[in-house]
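Read from first to last, the chains carry the letters A, B, C and D; within each, the first residue is number 1.
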Amino acid sequence: MTYAAPIAQANHSKPSLDVNTLVEGIQACYDCAQACIADADADLAEPRIQEMLRCVRLCLDCADVCLATGGMLSRQTAFDPPTARAALQACVQTCTVCGDECEHHAHQGFAHCQTCLEACRRCEQACNTTVLTFLASLPA
Amino acid sequence: MTYAAPIAQANHSKPSLDVNTLVEGIQACYDCAQACIADADADLAEPRIQEMLRCVRLCLDCADVCLATGGMLSRQTAFDPPTARAALQACVQTCTVCGDECEHHAHQGFAHCQTCLEACRRCEQACNTTVLTFLASLPA
Amino acid sequence: MTYAAPIAQANHSKPSLDVNTLVEGIQACYDCAQACIADADADLAEPRIQEMLRCVRLCLDCADVCLATGGMLSRQTAFDPPTARAALQACVQTCTVCGDECEHHAHQGFAHCQTCLEACRRCEQACNTTVLTFLASLPA
Amino acid sequence: MTYAAPIAQANHSKPSLDVNTLVEGIQACYDCAQACIADADADLAEPRIQEMLRCVRLCLDCADVCLATGGMLSRQTAFDPPTARAALQACVQTCTVCGDECEHHAHQGFAHCQTCLEACRRCEQACNTTVLTFLASLPA
(Lines give C-alpha, C1' and ligand atoms only; values in the text may rest on other atoms or scores of the structure.)
Protein backbone atom coordinates (compact mmCIF):
# COMPACT_ATOMS: atom_id res chain seq x y z
CA MET A 1 0.00 0.00 0.00
CA THR A 2 2.58 2.47 -1.26
CA TYR A 3 0.04 4.92 -2.62
CA ALA A 4 -2.23 5.92 0.27
CA ALA A 5 0.03 8.59 1.77
CA PRO A 6 0.98 10.53 -1.40
CA ILE A 7 -2.60 10.63 -2.70
CA ALA A 8 -3.93 11.74 0.71
CA GLN A 9 -1.36 14.53 0.80
CA ALA A 10 -2.06 15.69 -2.78
CA ASN A 11 -5.84 15.83 -2.17
CA HIS A 12 -7.07 19.45 -1.95
CA SER A 13 -9.72 18.28 0.56
CA LYS A 14 -7.59 18.28 3.66
CA PRO A 15 -8.05 15.19 5.84
CA SER A 16 -10.11 15.60 9.01
CA LEU A 17 -7.56 13.77 11.09
CA ASP A 18 -3.81 13.24 11.34
CA VAL A 19 -2.50 11.85 8.03
CA ASN A 20 -0.33 9.18 9.63
CA THR A 21 -3.29 7.88 11.63
CA LEU A 22 -5.46 7.95 8.54
CA VAL A 23 -2.95 6.15 6.32
CA GLU A 24 -2.35 3.43 8.91
CA GLY A 25 -6.15 2.99 9.16
CA ILE A 26 -6.44 2.65 5.38
CA GLN A 27 -3.56 0.19 5.12
CA ALA A 28 -4.79 -1.89 8.05
CA CYS A 29 -8.30 -2.14 6.55
CA TYR A 30 -7.17 -3.29 3.09
CA ASP A 31 -4.53 -5.65 4.48
CA CYS A 32 -7.08 -7.19 6.83
CA ALA A 33 -9.64 -7.57 4.04
CA GLN A 34 -7.16 -9.49 1.90
CA ALA A 35 -6.00 -11.62 4.84
CA CYS A 36 -9.59 -12.53 5.71
CA ILE A 37 -10.48 -13.51 2.13
CA ALA A 38 -7.35 -15.66 1.95
CA ASP A 39 -7.91 -17.18 5.39
CA ALA A 40 -11.50 -18.13 4.58
CA ASP A 41 -10.15 -19.99 1.55
CA ALA A 42 -7.36 -21.66 3.55
CA ASP A 43 -10.03 -22.80 6.04
CA LEU A 44 -11.91 -24.49 3.18
CA ALA A 45 -8.79 -26.56 2.44
CA GLU A 46 -8.53 -27.93 5.99
CA PRO A 47 -9.39 -31.63 6.40
CA ARG A 48 -11.54 -30.88 9.48
CA ILE A 49 -13.40 -28.06 7.78
CA GLN A 50 -16.51 -28.59 9.94
CA GLU A 51 -14.56 -27.03 12.82
CA MET A 52 -13.59 -24.01 10.70
CA LEU A 53 -17.06 -22.88 9.54
CA ARG A 54 -17.39 -20.05 12.05
CA CYS A 55 -13.96 -18.83 10.98
CA VAL A 56 -14.95 -18.87 7.29
CA ARG A 57 -18.10 -16.91 7.99
CA LEU A 58 -16.53 -14.29 10.23
CA CYS A 59 -13.63 -13.82 7.80
CA LEU A 60 -16.11 -13.09 4.98
CA ASP A 61 -17.95 -10.59 7.21
CA CYS A 62 -14.68 -8.99 8.24
CA ALA A 63 -13.44 -8.64 4.67
CA ASP A 64 -16.64 -6.86 3.64
CA VAL A 65 -16.62 -4.44 6.58
CA CYS A 66 -12.89 -3.70 6.21
CA LEU A 67 -13.31 -2.87 2.51
CA ALA A 68 -16.22 -0.53 3.27
CA THR A 69 -14.25 1.17 6.05
CA GLY A 70 -11.05 1.37 4.00
CA GLY A 71 -12.98 2.99 1.17
CA MET A 72 -14.59 5.51 3.50
CA LEU A 73 -11.23 6.47 5.03
CA SER A 74 -9.73 6.83 1.53
CA ARG A 75 -12.16 9.68 0.78
CA GLN A 76 -11.44 13.12 2.23
CA THR A 77 -14.00 15.27 0.41
CA ALA A 78 -17.07 16.08 2.55
CA PHE A 79 -15.90 13.63 5.18
CA ASP A 80 -18.74 12.99 7.64
CA PRO A 81 -17.36 12.19 11.12
CA PRO A 82 -20.45 10.45 12.59
CA THR A 83 -20.72 8.21 9.53
CA ALA A 84 -17.02 7.34 9.66
CA ARG A 85 -17.30 6.69 13.38
CA ALA A 86 -20.17 4.21 12.90
CA ALA A 87 -18.24 2.37 10.19
CA LEU A 88 -15.08 2.30 12.33
CA GLN A 89 -17.05 0.96 15.30
CA ALA A 90 -18.53 -1.79 13.12
CA CYS A 91 -15.01 -2.56 11.89
CA VAL A 92 -13.63 -2.75 15.45
CA GLN A 93 -16.47 -5.09 16.42
CA THR A 94 -16.00 -7.37 13.40
CA CYS A 95 -12.20 -7.46 13.66
CA THR A 96 -12.44 -8.29 17.37
CA VAL A 97 -14.81 -11.21 16.90
CA CYS A 98 -13.01 -12.51 13.79
CA GLY A 99 -9.64 -12.10 15.54
CA ASP A 100 -10.89 -14.06 18.55
CA GLU A 101 -12.02 -16.91 16.32
CA CYS A 102 -8.70 -16.89 14.45
CA GLU A 103 -6.81 -16.87 17.77
CA HIS A 104 -8.67 -20.04 18.78
CA HIS A 105 -7.47 -21.79 15.62
CA ALA A 106 -3.98 -20.26 15.85
CA HIS A 107 -3.62 -21.98 19.23
CA GLN A 108 -4.50 -25.25 17.47
CA GLY A 109 -1.57 -24.69 15.11
CA PHE A 110 -3.22 -23.26 11.99
CA ALA A 111 -0.57 -20.90 10.62
CA HIS A 112 -2.98 -19.12 8.24
CA CYS A 113 -5.25 -18.25 11.17
CA GLN A 114 -2.23 -16.93 13.12
CA THR A 115 -1.48 -14.54 10.26
CA CYS A 116 -5.13 -13.51 9.92
CA LEU A 117 -5.28 -12.93 13.69
CA GLU A 118 -2.40 -10.46 13.38
CA ALA A 119 -4.18 -8.64 10.56
CA CYS A 120 -7.42 -8.43 12.58
CA ARG A 121 -5.71 -7.17 15.75
CA ARG A 122 -3.79 -4.52 13.84
CA CYS A 123 -6.97 -3.34 12.07
CA GLU A 124 -8.96 -3.35 15.32
CA GLN A 125 -6.26 -1.20 16.93
CA ALA A 126 -5.96 1.19 13.97
CA CYS A 127 -9.75 1.70 13.84
CA ASN A 128 -9.94 2.14 17.60
CA THR A 129 -7.19 4.76 17.50
CA THR A 130 -9.08 6.60 14.77
CA VAL A 131 -12.36 6.42 16.70
CA LEU A 132 -10.69 7.70 19.87
CA THR A 133 -9.21 10.57 17.89
CA PHE A 134 -12.68 11.36 16.60
CA LEU A 135 -14.51 10.91 19.86
CA ALA A 136 -12.12 13.31 21.59
CA SER A 137 -12.62 16.13 19.12
CA LEU A 138 -15.77 15.79 17.04
CA PRO A 139 -19.52 16.04 17.71
CA ALA A 140 -21.55 12.84 18.22
CA MET B 1 -33.90 -9.72 -6.01
CA THR B 2 -35.94 -12.83 -6.68
CA TYR B 3 -33.47 -15.25 -5.12
CA ALA B 4 -32.95 -14.13 -1.51
CA ALA B 5 -36.01 -15.83 -0.05
CA PRO B 6 -35.68 -19.31 -1.61
CA ILE B 7 -31.97 -19.59 -0.81
CA ALA B 8 -32.53 -18.41 2.78
CA GLN B 9 -35.23 -21.04 3.20
CA ALA B 10 -33.16 -23.86 1.69
CA ASN B 11 -30.15 -23.06 3.92
CA HIS B 12 -29.73 -25.72 6.65
CA SER B 13 -28.38 -22.98 8.94
CA LYS B 14 -31.66 -21.57 10.13
CA PRO B 15 -31.81 -17.77 10.15
CA SER B 16 -31.50 -16.04 13.51
CA LEU B 17 -34.44 -13.77 12.77
CA ASP B 18 -37.75 -13.77 10.94
CA VAL B 19 -37.18 -14.67 7.27
CA ASN B 20 -39.41 -11.91 5.91
CA THR B 21 -37.52 -9.29 7.94
CA LEU B 22 -34.23 -10.75 6.82
CA VAL B 23 -35.15 -10.87 3.14
CA GLU B 24 -36.45 -7.30 3.16
CA GLY B 25 -33.19 -6.22 4.81
CA ILE B 26 -31.13 -8.00 2.15
CA GLN B 27 -33.17 -6.55 -0.71
CA ALA B 28 -33.12 -3.04 0.75
CA CYS B 29 -29.32 -3.16 1.16
CA TYR B 30 -28.54 -4.29 -2.39
CA ASP B 31 -31.13 -1.99 -3.94
CA CYS B 32 -29.76 0.96 -1.98
CA ALA B 33 -26.18 0.11 -2.95
CA GLN B 34 -27.08 0.13 -6.65
CA ALA B 35 -29.13 3.33 -6.31
CA CYS B 36 -26.25 5.10 -4.56
CA ILE B 37 -23.68 4.05 -7.18
CA ALA B 38 -26.01 5.24 -9.94
CA ASP B 39 -26.88 8.48 -8.13
CA ALA B 40 -23.21 9.36 -7.56
CA ASP B 41 -22.73 9.00 -11.31
CA ALA B 42 -25.83 11.05 -12.14
CA ASP B 43 -24.48 13.76 -9.81
CA LEU B 44 -21.27 13.85 -11.86
CA ALA B 45 -23.34 14.65 -14.95
CA GLU B 46 -25.00 17.71 -13.38
CA PRO B 47 -23.87 21.10 -14.72
CA ARG B 48 -23.53 22.50 -11.19
CA ILE B 49 -21.53 19.55 -9.95
CA GLN B 50 -19.72 21.65 -7.32
CA GLU B 51 -23.00 21.64 -5.36
CA MET B 52 -23.31 17.86 -5.60
CA LEU B 53 -19.93 16.81 -4.20
CA ARG B 54 -21.21 15.93 -0.73
CA CYS B 55 -23.90 13.82 -2.39
CA VAL B 56 -21.34 11.97 -4.51
CA ARG B 57 -19.19 11.22 -1.49
CA LEU B 58 -22.00 10.08 0.79
CA CYS B 59 -23.47 7.91 -1.97
CA LEU B 60 -20.13 6.12 -2.38
CA ASP B 61 -19.91 5.60 1.38
CA CYS B 62 -23.49 4.35 1.48
CA ALA B 63 -22.99 1.90 -1.37
CA ASP B 64 -19.97 0.36 0.37
CA VAL B 65 -21.71 0.00 3.73
CA CYS B 66 -24.91 -1.37 2.18
CA LEU B 67 -22.97 -4.04 0.26
CA ALA B 68 -21.13 -5.09 3.42
CA THR B 69 -24.38 -5.26 5.38
CA GLY B 70 -26.27 -7.03 2.61
CA GLY B 71 -23.51 -9.64 2.43
CA MET B 72 -23.57 -10.17 6.18
CA LEU B 73 -27.36 -10.61 6.22
CA SER B 74 -27.10 -13.07 3.32
CA ARG B 75 -25.07 -15.46 5.47
CA GLN B 76 -26.87 -17.57 8.05
CA THR B 77 -24.11 -19.95 9.15
CA ALA B 78 -22.56 -18.97 12.50
CA PHE B 79 -24.42 -15.68 12.44
CA ASP B 80 -22.95 -13.37 15.11
CA PRO B 81 -25.65 -10.99 16.44
CA PRO B 82 -23.36 -8.29 17.92
CA THR B 83 -21.38 -8.12 14.68
CA ALA B 84 -24.54 -7.89 12.60
CA ARG B 85 -25.92 -5.24 14.95
CA ALA B 86 -22.82 -3.06 14.56
CA ALA B 87 -22.99 -3.34 10.77
CA LEU B 88 -26.71 -2.58 10.76
CA GLN B 89 -26.17 0.47 12.99
CA ALA B 90 -23.45 1.73 10.63
CA CYS B 91 -25.85 1.14 7.73
CA VAL B 92 -28.65 3.07 9.46
CA GLN B 93 -26.27 5.97 10.14
CA THR B 94 -24.94 6.07 6.58
CA CYS B 95 -28.39 5.73 4.96
CA THR B 96 -29.76 8.50 7.18
CA VAL B 97 -27.02 10.99 6.33
CA CYS B 98 -26.98 10.06 2.64
CA GLY B 99 -30.78 10.18 2.52
CA ASP B 100 -30.80 13.64 4.11
CA GLU B 101 -28.34 14.90 1.50
CA CYS B 102 -30.39 13.35 -1.31
CA GLU B 103 -33.57 14.90 0.14
CA HIS B 104 -31.95 18.32 -0.06
CA HIS B 105 -31.28 17.83 -3.78
CA ALA B 106 -34.65 16.18 -4.38
CA HIS B 107 -36.28 19.41 -3.14
CA GLN B 108 -34.21 21.24 -5.77
CA GLY B 109 -35.76 19.05 -8.44
CA PHE B 110 -33.11 16.40 -9.04
CA ALA B 111 -35.13 13.30 -9.93
CA HIS B 112 -32.21 10.90 -9.49
CA CYS B 113 -31.70 12.15 -5.93
CA GLN B 114 -35.41 11.68 -5.24
CA THR B 115 -35.12 8.03 -6.26
CA CYS B 116 -31.94 7.53 -4.24
CA LEU B 117 -33.62 9.17 -1.24
CA GLU B 118 -36.36 6.55 -1.41
CA ALA B 119 -33.79 3.75 -1.53
CA CYS B 120 -31.92 5.21 1.47
CA ARG B 121 -35.06 5.67 3.58
CA ARG B 122 -36.25 2.14 2.84
CA CYS B 123 -32.85 0.67 3.73
CA GLU B 124 -32.60 2.79 6.89
CA GLN B 125 -36.01 1.50 7.96
CA ALA B 126 -35.27 -2.12 7.09
CA CYS B 127 -31.99 -2.05 9.02
CA ASN B 128 -33.60 -0.30 11.97
CA THR B 129 -36.36 -2.92 12.08
CA THR B 130 -33.73 -5.65 12.07
CA VAL B 131 -31.72 -3.94 14.82
CA LEU B 132 -34.82 -3.48 16.96
CA THR B 133 -35.65 -7.14 16.49
CA PHE B 134 -32.12 -7.99 17.61
CA LEU B 135 -31.97 -5.54 20.47
CA ALA B 136 -35.18 -6.90 21.90
CA SER B 137 -34.04 -10.51 21.96
CA LEU B 138 -30.27 -10.91 21.80
CA PRO B 139 -27.34 -10.18 24.13
CA ALA B 140 -25.30 -7.01 23.65
CA MET C 1 -34.16 -3.43 -7.73
CA THR C 2 -36.83 -0.82 -8.19
CA TYR C 3 -34.43 2.08 -8.59
CA ALA C 4 -32.15 1.26 -11.54
CA ALA C 5 -34.51 2.39 -14.29
CA PRO C 6 -35.59 5.79 -12.91
CA ILE C 7 -32.04 6.82 -11.98
CA ALA C 8 -30.71 5.72 -15.40
CA GLN C 9 -33.41 7.79 -17.10
CA ALA C 10 -32.80 10.89 -14.93
CA ASN C 11 -29.03 10.81 -15.57
CA HIS C 12 -27.96 13.61 -17.95
CA SER C 13 -25.23 11.29 -19.28
CA LYS C 14 -27.29 9.33 -21.75
CA PRO C 15 -26.68 5.57 -21.63
CA SER C 16 -24.57 4.09 -24.43
CA LEU C 17 -27.03 1.26 -24.95
CA ASP C 18 -30.74 0.54 -24.79
CA VAL C 19 -32.04 1.35 -21.30
CA ASN C 20 -34.07 -1.83 -20.95
CA THR C 21 -31.02 -3.94 -21.81
CA LEU C 22 -28.91 -1.92 -19.41
CA VAL C 23 -31.38 -2.16 -16.53
CA GLU C 24 -31.80 -5.90 -16.95
CA GLY C 25 -28.01 -6.25 -16.95
CA ILE C 26 -27.75 -4.24 -13.72
CA GLN C 27 -30.53 -6.18 -12.01
CA ALA C 28 -29.16 -9.54 -13.13
CA CYS C 29 -25.67 -8.67 -11.82
CA TYR C 30 -26.79 -7.58 -8.35
CA ASP C 31 -29.31 -10.41 -8.01
CA CYS C 32 -26.66 -12.94 -9.01
CA ALA C 33 -24.12 -11.46 -6.60
CA GLN C 34 -26.55 -11.83 -3.69
CA ALA C 35 -27.58 -15.34 -4.76
CA CYS C 36 -23.94 -16.44 -4.96
CA ILE C 37 -23.05 -15.03 -1.52
CA ALA C 38 -26.09 -16.78 -0.04
CA ASP C 39 -25.42 -20.03 -1.89
CA ALA C 40 -21.80 -20.16 -0.73
CA ASP C 41 -23.11 -19.88 2.82
CA ALA C 42 -25.79 -22.53 2.27
CA ASP C 43 -23.05 -24.83 0.92
CA LEU C 44 -21.14 -24.38 4.19
CA ALA C 45 -24.16 -25.71 6.06
CA GLU C 46 -24.32 -28.95 4.06
CA PRO C 47 -23.28 -32.13 5.93
CA ARG C 48 -21.14 -33.25 2.99
CA ILE C 49 -19.40 -29.92 2.63
CA GLN C 50 -16.25 -31.51 1.17
CA GLU C 51 -18.24 -32.06 -2.03
CA MET C 52 -19.35 -28.42 -2.12
CA LEU C 53 -15.97 -26.68 -1.93
CA ARG C 54 -15.71 -25.90 -5.64
CA CYS C 55 -19.22 -24.43 -5.46
CA VAL C 56 -18.28 -22.21 -2.50
CA ARG C 57 -15.21 -20.93 -4.28
CA LEU C 58 -16.87 -20.24 -7.62
CA CYS C 59 -19.80 -18.54 -5.90
CA LEU C 60 -17.40 -16.17 -4.13
CA ASP C 61 -15.65 -15.41 -7.42
CA CYS C 62 -18.97 -14.90 -9.17
CA ALA C 63 -20.28 -12.52 -6.50
CA ASP C 64 -17.17 -10.35 -6.79
CA VAL C 65 -17.25 -10.18 -10.58
CA CYS C 66 -21.01 -9.53 -10.68
CA LEU C 67 -20.68 -6.63 -8.23
CA ALA C 68 -17.86 -5.08 -10.28
CA THR C 69 -19.87 -5.47 -13.49
CA GLY C 70 -23.11 -4.23 -11.94
CA GLY C 71 -21.28 -1.15 -10.66
CA MET C 72 -19.75 -0.46 -14.05
CA LEU C 73 -23.13 -0.76 -15.82
CA SER C 74 -24.69 1.56 -13.21
CA ARG C 75 -22.41 4.40 -14.34
CA GLN C 76 -23.26 6.25 -17.55
CA THR C 77 -20.81 9.16 -17.42
CA ALA C 78 -17.76 8.66 -19.68
CA PHE C 79 -18.78 5.07 -20.31
CA ASP C 80 -15.88 3.21 -21.93
CA PRO C 81 -17.15 0.42 -24.21
CA PRO C 82 -13.98 -1.72 -24.39
CA THR C 83 -13.66 -1.66 -20.60
CA ALA C 84 -17.31 -2.59 -20.14
CA ARG C 85 -16.95 -5.34 -22.72
CA ALA C 86 -14.00 -6.90 -20.90
CA ALA C 87 -15.89 -6.83 -17.60
CA LEU C 88 -18.99 -8.31 -19.22
CA GLN C 89 -16.93 -11.07 -20.82
CA ALA C 90 -15.38 -11.90 -17.45
CA CYS C 91 -18.87 -11.92 -15.95
CA VAL C 92 -20.19 -14.28 -18.67
CA GLN C 93 -17.23 -16.61 -18.08
CA THR C 94 -17.65 -16.63 -14.29
CA CYS C 95 -21.43 -17.03 -14.39
CA THR C 96 -21.11 -19.91 -16.86
CA VAL C 97 -18.62 -21.87 -14.77
CA CYS C 98 -20.41 -21.10 -11.49
CA GLY C 99 -23.77 -21.97 -13.07
CA ASP C 100 -22.39 -25.29 -14.34
CA GLU C 101 -21.16 -26.17 -10.87
CA CYS C 102 -24.52 -25.19 -9.33
CA GLU C 103 -26.33 -27.24 -11.95
CA HIS C 104 -24.34 -30.30 -10.91
CA HIS C 105 -25.52 -29.85 -7.30
CA ALA C 106 -29.05 -28.91 -8.35
CA HIS C 107 -29.30 -32.33 -10.02
CA GLN C 108 -28.30 -33.85 -6.68
CA GLY C 109 -31.28 -32.12 -5.09
CA PHE C 110 -29.73 -29.04 -3.48
CA ALA C 111 -32.50 -26.44 -3.75
CA HIS C 112 -30.20 -23.50 -2.94
CA CYS C 113 -27.94 -24.47 -5.84
CA GLN C 114 -30.98 -24.70 -8.12
CA THR C 115 -31.88 -21.11 -7.26
CA CYS C 116 -28.30 -19.92 -7.67
CA LEU C 117 -28.11 -21.70 -11.02
CA GLU C 118 -31.10 -19.67 -12.21
CA ALA C 119 -29.43 -16.45 -11.08
CA CYS C 120 -26.19 -17.36 -12.88
CA ARG C 121 -27.90 -18.33 -16.13
CA ARG C 122 -29.96 -15.14 -16.16
CA CYS C 123 -26.87 -13.01 -15.51
CA GLU C 124 -24.83 -14.87 -18.13
CA GLN C 125 -27.58 -14.24 -20.66
CA ALA C 126 -28.03 -10.57 -19.73
CA CYS C 127 -24.29 -9.92 -19.97
CA ASN C 128 -24.04 -11.81 -23.25
CA THR C 129 -26.91 -9.77 -24.70
CA THR C 130 -25.13 -6.59 -23.65
CA VAL C 131 -21.83 -7.74 -25.14
CA LEU C 132 -23.50 -8.69 -28.41
CA THR C 133 -25.13 -5.26 -28.52
CA PHE C 134 -21.72 -3.72 -27.98
CA LEU C 135 -19.81 -5.95 -30.35
CA ALA C 136 -22.25 -5.20 -33.14
CA SER C 137 -21.91 -1.42 -32.88
CA LEU C 138 -18.78 -0.31 -31.05
CA PRO C 139 -15.03 -0.36 -31.79
CA ALA C 140 -12.85 -3.10 -30.29
CA MET D 1 0.04 -6.10 2.43
CA THR D 2 2.22 -8.10 4.82
CA TYR D 3 -0.12 -11.07 5.02
CA ALA D 4 -0.64 -12.36 1.46
CA ALA D 5 2.53 -14.46 1.25
CA PRO D 6 2.33 -16.32 4.59
CA ILE D 7 -1.36 -17.19 4.17
CA ALA D 8 -0.79 -18.37 0.58
CA GLN D 9 2.04 -20.61 1.77
CA ALA D 10 0.05 -22.04 4.70
CA ASN D 11 -2.95 -22.88 2.49
CA HIS D 12 -3.22 -26.66 1.91
CA SER D 13 -4.63 -25.91 -1.56
CA LYS D 14 -1.41 -25.35 -3.39
CA PRO D 15 -1.43 -22.31 -5.69
CA SER D 16 -1.75 -22.96 -9.43
CA LEU D 17 1.06 -20.57 -10.24
CA ASP D 18 4.34 -19.32 -8.81
CA VAL D 19 3.75 -17.87 -5.32
CA ASN D 20 5.84 -14.75 -5.91
CA THR D 21 3.88 -13.95 -9.08
CA LEU D 22 0.63 -14.60 -7.27
CA VAL D 23 1.49 -12.43 -4.25
CA GLU D 24 2.64 -9.54 -6.44
CA GLY D 25 -0.65 -9.82 -8.37
CA ILE D 26 -2.66 -9.72 -5.14
CA GLN D 27 -0.74 -6.77 -3.73
CA ALA D 28 -0.90 -4.84 -6.99
CA CYS D 29 -4.69 -5.34 -7.21
CA TYR D 30 -5.47 -4.15 -3.67
CA ASP D 31 -3.00 -1.27 -3.85
CA CYS D 32 -4.48 -0.14 -7.17
CA ALA D 33 -8.05 -0.40 -5.83
CA GLN D 34 -7.19 1.87 -2.90
CA ALA D 35 -5.27 4.31 -5.11
CA CYS D 36 -8.21 4.55 -7.54
CA ILE D 37 -10.78 5.17 -4.77
CA ALA D 38 -8.53 7.88 -3.31
CA ASP D 39 -7.78 9.43 -6.71
CA ALA D 40 -11.46 9.62 -7.64
CA ASP D 41 -11.99 11.56 -4.41
CA ALA D 42 -9.00 13.83 -5.04
CA ASP D 43 -10.42 14.54 -8.50
CA LEU D 44 -13.67 15.71 -6.85
CA ALA D 45 -11.68 18.29 -4.90
CA GLU D 46 -10.14 19.86 -8.02
CA PRO D 47 -11.44 23.34 -8.95
CA ARG D 48 -11.79 22.32 -12.62
CA ILE D 49 -13.64 19.12 -11.80
CA GLN D 50 -15.50 19.13 -15.14
CA GLU D 51 -12.20 18.10 -16.77
CA MET D 52 -11.73 15.24 -14.29
CA LEU D 53 -15.04 13.41 -14.76
CA ARG D 54 -13.66 10.68 -17.01
CA CYS D 55 -10.90 10.10 -14.47
CA VAL D 56 -13.42 9.80 -11.62
CA ARG D 57 -15.48 7.30 -13.56
CA LEU D 58 -12.61 5.13 -14.73
CA CYS D 59 -11.07 5.13 -11.24
CA LEU D 60 -14.34 3.80 -9.81
CA ASP D 61 -14.48 1.10 -12.49
CA CYS D 62 -10.84 0.21 -11.89
CA ALA D 63 -11.28 -0.06 -8.12
CA ASP D 64 -14.21 -2.47 -8.55
CA VAL D 65 -12.41 -4.70 -11.06
CA CYS D 66 -9.16 -4.71 -9.04
CA LEU D 67 -11.02 -5.78 -5.88
CA ALA D 68 -12.77 -8.61 -7.75
CA THR D 69 -9.49 -9.78 -9.27
CA GLY D 70 -7.55 -9.44 -6.01
CA GLY D 71 -10.20 -11.53 -4.27
CA MET D 72 -10.08 -14.21 -6.95
CA LEU D 73 -6.26 -14.41 -6.78
CA SER D 74 -6.45 -14.65 -2.97
CA ARG D 75 -8.35 -17.95 -3.23
CA GLN D 76 -6.40 -21.11 -4.06
CA THR D 77 -9.04 -23.79 -3.47
CA ALA D 78 -10.60 -25.08 -6.72
CA PHE D 79 -8.88 -22.34 -8.66
CA ASP D 80 -10.40 -22.14 -12.16
CA PRO D 81 -7.81 -20.92 -14.70
CA PRO D 82 -10.18 -19.75 -17.47
CA THR D 83 -12.21 -17.75 -14.95
CA ALA D 84 -9.09 -16.18 -13.46
CA ARG D 85 -7.80 -15.42 -16.94
CA ALA D 86 -11.00 -13.58 -17.91
CA ALA D 87 -10.87 -11.53 -14.71
CA LEU D 88 -7.19 -10.74 -15.22
CA GLN D 89 -7.84 -9.68 -18.81
CA ALA D 90 -10.63 -7.37 -17.65
CA CYS D 91 -8.26 -6.00 -15.01
CA VAL D 92 -5.51 -5.37 -17.58
CA GLN D 93 -8.00 -3.57 -19.82
CA THR D 94 -9.39 -1.41 -17.01
CA CYS D 95 -5.97 -0.56 -15.56
CA THR D 96 -4.68 0.37 -19.02
CA VAL D 97 -7.53 2.77 -19.79
CA CYS D 98 -7.59 4.24 -16.28
CA GLY D 99 -3.79 4.57 -16.30
CA ASP D 100 -3.92 6.38 -19.67
CA GLU D 101 -6.46 8.84 -18.30
CA CYS D 102 -4.38 9.39 -15.14
CA GLU D 103 -1.27 9.89 -17.28
CA HIS D 104 -3.04 12.67 -19.16
CA HIS D 105 -3.73 14.48 -15.86
CA ALA D 106 -0.29 13.67 -14.46
CA HIS D 107 1.20 15.59 -17.39
CA GLN D 108 -0.98 18.53 -16.37
CA GLY D 109 0.64 18.45 -12.93
CA PHE D 110 -1.92 16.59 -10.81
CA ALA D 111 0.24 14.72 -8.30
CA HIS D 112 -2.58 12.41 -7.16
CA CYS D 113 -3.09 11.25 -10.74
CA GLN D 114 0.67 10.63 -11.08
CA THR D 115 0.51 8.30 -8.08
CA CYS D 116 -2.62 6.56 -9.34
CA LEU D 117 -0.96 6.14 -12.75
CA GLU D 118 1.89 4.27 -11.08
CA ALA D 119 -0.57 2.00 -9.27
CA CYS D 120 -2.46 1.27 -12.52
CA ARG D 121 0.69 0.51 -14.53
CA ARG D 122 2.02 -1.80 -11.84
CA CYS D 123 -1.30 -3.66 -11.63
CA GLU D 124 -1.59 -3.89 -15.43
CA GLN D 125 1.89 -5.40 -15.55
CA ALA D 126 1.30 -7.81 -12.67
CA CYS D 127 -1.96 -9.06 -14.21
CA ASN D 128 -0.38 -9.36 -17.63
CA THR D 129 2.49 -11.40 -16.21
CA THR D 130 -0.02 -13.68 -14.53
CA VAL D 131 -2.06 -14.07 -17.72
CA LEU D 132 1.06 -14.85 -19.76
CA THR D 133 2.02 -17.47 -17.18
CA PHE D 134 -1.45 -18.98 -17.55
CA LEU D 135 -1.67 -18.73 -21.30
CA ALA D 136 1.65 -20.53 -21.67
CA SER D 137 0.66 -23.52 -19.58
CA LEU D 138 -3.08 -23.89 -19.12
CA PRO D 139 -6.02 -24.82 -21.39
CA ALA D 140 -8.16 -22.05 -22.85
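Simple rule for what comes next: a residue touches a chain if its C-beta (ideal position, glycine included) is under 8 Å from a C-beta of that chain, and two chains touch if they have at least 3 such contacts.
These numbers come from a predicted model, not from an experiment.
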Intersection of the contact lists for chain B and chain D: A, C
Of B-C and A-C, whichever chain pair has more C-beta contact pairs: B-C
Chain B-chain C separation of Cα centroids, rounded to whole Å: 20
Centre-of-Cα separation between chain C and chain A, whole angstrom: 27
For chain A, residues contacting two or more additional chains: 41, 44-45, 53, 56-57, 60, 67, 71, 75, 77
Chain A-facing residues of chain D, complex: 1-4, 6-8, 10-13, 26, 30-31, 33-35, 37-39, 41-42, 44-47, 67, 70-71, 74-77, 110-112, 115-116, 118-119
Chain D partner contacts - residues on chain C that touch it in the complex: 53-54, 56-58, 60-61, 64-65, 67-68, 71-72, 75, 77-80, 82-83, 86-87, 89-90, 93-94, 97
Complex contacts: residues of chain B adjacent to chain D: 41, 44-45, 49-50, 53, 56-57, 60
